[in-house]
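There are two complexes below, and they share subunit A, which is joined by subunit B in the first and by subunit C in the second.
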Partner chain A sequence: MQDPVLKVDGLSVTFRSSLAILDDVSLEVRRGQTLGIVGESGCGKSMTALAIMRLMPSAALKVSGGDIRLNGENLLALDEEAMRAIRGSRAAMIFQDPMTSLNPLFTVGNQVGESIRKNRQIDRAEARQITVDLLKAVGLPDPERHLDYYPHQLSGGKRQRVMIAMAIAGNPDVLIADEPTTALDVTVQAQIFQVLRDMQAASGTAIVLITHDMGAISEMADRVAVMYAGRVVEEGPADEILAAPRHPYTRGLVSCIPRVSDEAFDGWPELPVIPGTVPDLDKRGAGCHFAPRCPLADDRCAARRPPVLQDGERRCACWYGMAGGPAA
Partner chain B sequence: MSDSRSPEVPSPLREAWAAFLRNRAGVFGLAIIAALIFLALFGPLIYPVDPFEIVAAPLTPPAENARVPFGSDYLGRDILSGIVHGARVTLFVGGAAAAMTVVIGVLVGAAAGYWGGRTDRFLMRMTEFFQVLPALLFAMALVTLLSPSIPIIATAIGVVSWPAMARLTRAEFLRIKSQNYVTAARSSGAGDLYLITRVILPNAAAPLIVSTALVVGMAILFEAGLSFLGLGDANVMSWGLIIGSNRDYVIDAWWTVTIPGLAIFFTVLGLSLIGDGLNDALNPNLRER
Partner chain C sequence: MTGSEIATPSLPKIEVCDLRVEFPLRRRSFLDKPAVVHAVDGVSFAIRRNTVFGIVGESGSGKTTTALAIMRLQAATGGRVLLDGADITDLTGDALRAVRRRMQIIFQDPYSSLNPRRRVGAAVREPLDLMGIGTSAEREETVARLFARVGLSPAQRALFPHQFSGGQRQRIGIARALASQPEVVVCDEPVSALDVAVQAQILNLMREIRDDFGLTYVFVSHNLGVVQRVCDEIAVMYLGRIVERADRNALFTRPQHPYTRALLAAVPGRQEAGHRAELPATLAGDPPSPVDLPPGCRFASRCPYAMPRCLSEEPALREGAPQHFVACHLVNP
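Up next is the complex of A and B:
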């Protein structure tokens, strides 16, 4: 098997050197593949993405351990100048809210053109032509006309297409998509996913898709990593995990997927929820962070950190997880 | 967004200009300043009387002697000529002082807001140092120590007025720095210089432009104040100099100070109205629909 394009190994990030935001996060994604990262808000999904891009929003956040390798090169060892050369060319990112992620004062053509010219020594006319091609590739109708539009004149779906065009302008090895469709409606979400899949098929770019939507995972991801409170609790092939989740948290997430079936219409069974919320940073104990909300938890879960058990392609961090557990 | 929309889409600047033109007070202010600029550029050609030449009896009231329609000062110099020739100096001092204020203020404020941390603390302590200096006394000291020439006066005004601009710029940078489009630009490999000049500064421009218009007005008042105190350049005619040199005759010859005073008043009023109009035009939240 080929080496992963992006390999995150034991990444830890702390806030003010004491509170663990990310705790021993390991992920990898191969060329042409999509890794889904799921979890509730506050689980560290976006922080993982920003840490990979070395775009931590505050100086109080520091990487305290692990490494991040892009095609074998350790990104954490690079100086800011070298990292800047990687952003946008070898690793690119698209964001959750396309409404606010484009500079409101410049036209679409100007912004996409600048992101092309950042990586290549070409003149404006050439950049304009490449921009048109890119906008066509992301399915924006009549791209020439859209060049002179300002972001506020575009719908959310169109803006996200523009964001994708900017992100793939440098033909990156890995594209991190941080909840790219959360702010969009469902039909537009399907279109955006199609754009990402087409782009991936054409270029072989590895995608890291961050989402809280298990439906998006089943649609897009080859592998999935489930995060909870800064840790990866379960990781493996997406279809296996969706079909047979092992960690109780994953099971909770999977059972929360609404399904339209015959029985769903008679009697309207209640959609299950996972009780409670993600614990605050300063209220995370020594054991399994999910223990306070877990139906299986006992004293051992609260006291000691569960081991990460490897089983072929899958791994799971739960005292009960790998064997299927008592309530499996 | 419908696809049938016409392809001619207004740029943000063009849209702001259209909004400005709908603001009557702003257009009035612009008319005053346009007239002043015209006066400064061509006035001395149209009305070539030397403002330092004695052309009539001292303290001739307005409309008494056709040679001095606005009256004469305590030496018998033509006040109208002083207004016409002083416009150039007034505008130059206002413009140069404002330019200096903007250059220093934006550089310091942008660096402090963008980099934050130690840079921010150092630059802001420096800004506060200049801000707590009594502006008029400091400018007087500077002008007295160096020389009371127009460039020195403009420099002195710039030195005492940049802190407010720096603080405004810093605040805007702090606000915009955390916007999503800045992070997005950074994630596509934008460097510090690009982010500062192409991403953050254009989005911070509106309040800076507005306050620049006000700084010009303030600088003109400041120059008049220095001249009134006798610290102006006595060899160059300015509105402040007319007021300053006639201050002992205010009681007997109201016109010697009222006429240049009105000129200053309308100039500062015009600049304030422009500032107000720009504020409305550049801030879509205040724009009337």
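Up next is the complex of A and C:
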């Protein structure tokens, strides 16, 4: 099997050097594949993405262990200048709200052109032509006209397309997409997913898709990692995990989100829930962090960290084993 | 069941007839002809009491404006709204205040709908204060009871909004909506801003209080999975018009209008069930501007089945199958 494009191994990030925001996170994604990361807010999904890009939002956050390898190269060993050269070229990121990543004072052509010229020694006219091609590739109608538009003149879906165009301008090995369609209407979301799939088919880019939408996972992801309170609690092929989740948290997530169904309904059925909320950073005990909300939890779960059990392509961190029943 | 329901079983709780809401646009120059956005453009439906009526559609479809106009929080420029058979469209003063007490709203964003400088107990008590319901001590007691009912501790009344999580803030929003003992509650994207696991908790709470208080809900949402479970009847809106209206199961299992079908096909993760093929490539475009509406069907520019007639003649919302209304020349020729 091919080596992974991106390999995160045992990554830990602490806040004020004592509280663990990320705790022994291991992930990998291969060329042409998509890894989904799911979990509630506060579980470390976005922090994982920012740590990979070395874009930690506060000086109080420090990587305390593990490594991050892009095509074998350890990103954590690079200085800021070398890292800046990687961002936007070999590794790129798109965010939920395109308005925060687009400069309101520059035109679309200007911004996409800059991200091209940053990586290639070409003149403005050439950059302009490539920009038009990129905007066409992300499905923006009439790209020549859009070159002179400012971000505020575009709809949310078009802004997201411009941001994807900027992100793929450097032909990245890995693209991290953090909730790229959460703010968009469902028909626009379907278009954006199509753009990402087309781009991936054409260039083989590995995608890390951060989302809370299990529908998006089933549509886009080859593998999925479920994060809870800074740890990966379950990981494996997306279709297998959605069809037969093993970790009680994954099972809760899959069942508590109502998806459009072909069955008939009568009245207003009570929805399955995961009781409670994700524990704050300073209230995470020594054992399984999910134990306070878990229907299976016992004293051992609260006291001791569950082992990561590997079963073929799948792994799961739960005292109650891989099948969901009590471990032998 | 309430007494009034037994007395008049067939009278709808709410009736909306040919509702219109238009917003004038500022003219660039005095020579321009005045432009108008037709946010809601001739919408009619009836909501049976103690049921949940869903309004779905994308941004700009007019679903929220319709809901606000029902509550008289948005002035209608045409049409009528009836509550228990009584026309409330032109009420003013005390009569309007009396109606407002009977209709409340839960907003999408519990972060922006609470005053950050006010203790949350006072926010929930405010409707009681404004409407002069009970004595001061009775109001406090009501608020404490409401806090307990929505799953908060009565002692939390003294806290400020920032001391609560998103889900707790939405519980406060629900408590405030319940304070005046309304009969109708408009829920405008009530769980869209909440974390996934919290959404189901809040929806279950809304289900319980509907049964406890005998409420009729108007449920505005773009989340089709939620709407399918929660709503009895659903209207699909596109550019200010209802394109399809039907019982929930009929709408989800036998969608008729090409827009409804595209909307359902676009839901991610439906392709395994063989729905993906239905997503028409023409839906790639944006909807036309609500200022310069095309003469025919509003969806024609994005519709894969559009015929010449669709470009010239606007289809009326007509009953094909019983209680299944569709505005489409193809479905109802």
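One rule holds for everything that comes next: the second predicted complex is superposed on the first by the 317 of 328 C-alpha atoms of A that agree within 3 Å, B and C clash if a C-alpha of one lies under 4 Å from a C-alpha of the other, contacts with A are read in each partner's own complex, and residues count from 1 in each chain.
Criterion: a residue touches a chain if its C-beta (ideal position, glycine included) is under 8 Å from a C-beta of that chain, and two chains touch if they have at least 3 such contacts.
Predicted, not measured: the structure shown is a model, and the values here were computed from it.
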Superposed on subunit A, are subunit B and subunit C clashing or fitting side by side? fit
First, second, both or neither for A:Leu55, with subunit B first and subunit C second: first
Quick one: is A:Leu105 in contact with subunit B, with subunit C, with both, or with neither? Answer first, second, both or neither. first
With both complexes superposed on chain A, which partner does A:Pro141 reach: first (subunit B), second (subunit C), both or neither? both
Touch test for A:Ser155: subunit B only (first), subunit C only (second), both, or neither? both
Is A:Ala82 touching anything from subunit B or subunit C once the two structures are fitted on A? First, second, both or neither. neither
Computed vertex angle (subunit A) for partners subunit B and subunit C, CA, steps of 10°: 80
Determine, under the contact definition given at the top, whether A:Phe95 touches first (subunit B), second (subunit C), both, or neither. first
One more residue to check, A:Val273. First (subunit B), second (subunit C), both or neither? second
Considering only the touch criterion stated at the top, classify A:Gly252 as touching first (subunit B), second (subunit C), both, or neither. second
Minimum Cα separation, subunit B versus subunit C, post-superposition (Å)? 6
Once the two structures are superposed, pull the subunit A residues common to the subunit B and subunit C interfaces. 141, 155
How about subunit C: which of its residues touch subunit A in the complex? 52, 58-59, 165, 167, 195-201, 203-204, 207, 210, 222-226, 228-230, 248-249, 252-253, 262-273, 279, 283-286
Would you tell me which residues of subunit A are touching subunit B in their complex? 53, 55, 57, 59, 84-89, 92-93, 95, 97, 100-107, 114-115, 118-119, 141-142, 145, 148-150, 153-155, 158, 163, 166-167, 169-170
Under the touch definition given earlier, write down the residues of subunit B that touch subunit A in their complex. 1, 3, 5, 7, 9, 11-12, 116-117, 178-181, 183-191, 198-199, 202-203
Quick check: in the complex, which residue numbers of subunit A touch subunit C? 40-41, 139, 141, 155, 157, 185-191, 193, 212-220, 252-253, 256-262, 264-265, 268-275, 277
